């Protein structure tokens, strides 16, 4: 059996063990409601951060309107479950498809822009999505959508997170992913090496948007009410901070970023200003001293001791 | 003549930038298997010619044909897929990636496995990935870079970066290789080795090569035919010996005008 | 007749709003022109300016004009400090790093501001009184007159500085070609510093005027106008001063029309839609020239 | 007397070792030319003197003061002015404004006015076009503007980077006549040129640069007569 495939299996088993432990603690009443909510938010944020990382970190397209796609997934999802009584899984998939299609439609023209122009354009698009939703009476307008069934639980978000992680990990470790990374590294050289840069930029954008849609669906069904105010560009910046903090181009980094940011947010929930000042200083200092983020392009599986253990388990010969 | 159709042919190609003619009525051909040099003073339009051939620029007028088919208007990646690969004057490596990954990326246009096979890790994914890695390592060995395969490209010494760019271009499996100042910044020893390497890979890979170079020892040493460009126009064509003694070329390089 | 009347009234409102955008956009454009940075924090500089004006009028009991001038001066200094501390160390870093830093600075100003002045909006005192002019049925109020007057004076002053003074010439030279400007003996760092000073003080003026116009200020007030002023700068052609003014006014007018005839909730969407359209159709803006990327 | 003394400088562009141990000197009143093929490092040398690049090692002494590593805007104040490669005029400013920028470091209004007259005397075409945008000038006029602009700082040493590039032969002759004239009125000149014959014909001394090293140096007239230069350019 191929050692790469075995390693995947090992990772999956580790993932399931972690799931078992946490689920057990939840069932056993060892984790209170507050931390239960935060664990769910961490998983949702991991999906958001990893999917944004595919666009920003791996493909190098600076997008800061990710909350817009999350909003689409949320609203499509809640309409599907609340108004059409569709199963949760179908609602999530529908949300992902709609967000993905929107990502595709928006990405096609927008990704011609570069760097800071693209950043502002995506920010604007995210805001437009939010404002449009705010003006649709059918979904409650500015007041928000009420009466959402509480369908999200730890098992759902954890499963979705694992799927996202495996999808994006496998994607970036392939010729397709290398094409995206090549665009980030040097677009002109990538094109000269035969990479259809437009295609891969749009592909990354679409995949990223679709996963944000799933995260949105999970997020929305955690609460009784969602409103367009949950998806402002401040929310987008939150995801951006996770990605930048963890390392643009590292999945491990995004996971770590989502953890840290969610924890800080929870811990400082009653001091919102202090929390934001800390983020602000963290961003600035990071750019001064470690612009590549905590993990840079590294994955946890690349660190020698962990790699050795993994190799041993998966039976790879030295 | 029919069986000896040129691999690449440019007919009356002109390129105008904001009213200025960067290239004017450019005509040339390269036969299969040739090693051609393109030289000329600074700003003569040499790199512009490369950019026209590789689709970075679209000619204002004229036609460029590869194997008898026009490639005008095609995107750079399409032209690469058709068999033209290049290096850059100011090295454009994927500098944060490993040496090996730099080469692996260039196999991109030959990969057949699709998105679903990628994500679910099935079918051709493993066989093709293994092949790519093996072939990349082989290429790196040819360019004496195999020991650096897992180093980050930007940490390589300058001469090695130049070699890596050539290795990467070869990974795209081109018929025609364009080298833009491959010896720039190299010392004479490195230049000499590079010369040998270009000769060798041409034979080994059955390549046709077009190179821009300022280092005359290299150009005169390995090119079979040389085109000389000045102000976007070809002023001379011939063998190295002919070019070195061509009064037009000497004028272009040294200037004839003198104050006394 | 009613429609025409409403249209003209909205145009008046639009131009006054647009003048404020123009003042902020000028700073954006100047800073972009010289260091190619979208200064995300520029809108927050404007917020600081508004608060300084507010405290000048309330705590210090100053008349509006001295309060405006002091606010412009102090905010200008703040702009210089921000550049020195946050952007200068990254002068040669990738642009994305500087952009992220700018986002960080923006957060820092917003929430440090919030920490000190609380998130509660403040009511800007009425410094003009309830004056309004009725010209043929169209209402122009005192605040609008003040906005027009100050904007015109500041723009005239800026034009003079940029066109006629040594500093202005140095600024233009440095934003066209920093390296060659240095060969002229121009100290690029100093010119960049001065550009931040001028840009920030214009934003401060806009902040104070907004306070006077809308009577209310809060620590997050800079976010939207900041983004919109950026849209204005892009619309006019980023880096081009008259472009920023024209872009600002066009944007103000379009917003007023959208708010007046469609729905005020679409105001912000209109601005972003304009941004995206401009970027897709003519990324160099109304006054910009096309440039060629060197390979 | 030696005005500019460069001793064993090494300059890098990232990983490229562009200038390898170059030493040269320029005496007061001379025209010295630095010639060589494309990419030999001529411009790099000039840009290092004017402070746009910093040498990793070595010294650059100008009038006995070490200026290596000094920022470019300070070096102008020491009395070195550069006409950059490709002219680099401020295209979106008027001819007049370009010349005013040339005098940026000066405060003596009368002296500036006097020099402006001198520049217009030397380049009458610039006076005719003084209110025109510099970008609308022809290539030759732009070269004249770049030279005029450099003269406005009243330099002791004028650095010229490829003044002949892209110009028609007749114009090149005109430009070189002016260089000789500028030199005769007391400005020392260091001239970088690809057009070797032309440069050698007006220079007192010459250095030939090949891949970052000085390979030949000596009297300009003698070099002009030798075969070495052609070999340096075309090999063989």
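By letter and in written order, the chains are A, B, C and D; residue numbering begins at 1 in each of them.
Methods note: a residue touches a chain if its C-beta (ideal position, glycine included) is under 8 Å from a C-beta of that chain, and two chains touch if they have at least 3 such contacts.
Here the structure is a predicted model, which is why all the values come from computation and not from measurement.
Counting steps between touching chains, the shortest path from chain B to chain D takes 1.
Seen from the C-alpha centroid of chain C, the farthest chain centroid is that of B. Chain pairs A-C and C-D differ in how many C-beta pairs they share in contact, with the greater number at A-C.
The mean-CA centres of chain A and chain C are about 34 angstrom from one another, to the nearest whole unit. Chain C and chain D, compared by their mean Cα positions, are separated by 42 Å.
Look at where the CA atoms of chain A average out and do the same for chain B: the two points lie 40 Å apart. Rounded to whole angstrom units, the spacing between the C-alpha centres of chain A and chain D is 56.
Residue positions 188 of chain A are each in touch with at least two other chains. Multi-chain contact residues of chain B, defined as those touching 2 or more other chains: 56, 88.
Residue positions of chain C touching 2 or more other chains, listed in rising order: 295. Within the complex, the chain B residues that touch chain A are 54, 56, 75-77, 80-81, 85-86, 88, 92-97, 101, 104-109, 111, 113, 115, 118-121, 125-126, 128-129, 132, 168-169, 171-172. Against chain B, in their complex, chain A makes its touches with residues 2, 4-5, 8, 166-167, 170-171, 174-179, 181-182, 185-186, 188-197, 297.
Within the complex formed with chain B, the chain D residues making contact are 15-18, 37-40, 162, 164-166, 169, 172-173, 176-177, 180, 194-198, 200-202, 211, 224, 229-230, 233-236.
Every residue of chain D that touches chain C in the complex is listed here, in rising order: 50-52, 71-74, 76-77, 81-82, 84, 88, 90-93, 97, 100-102, 104-105, 149, 153.
Chain C makes touch with chain D in their complex at residues 166, 169-170, 172-173, 176-177, 179-188.
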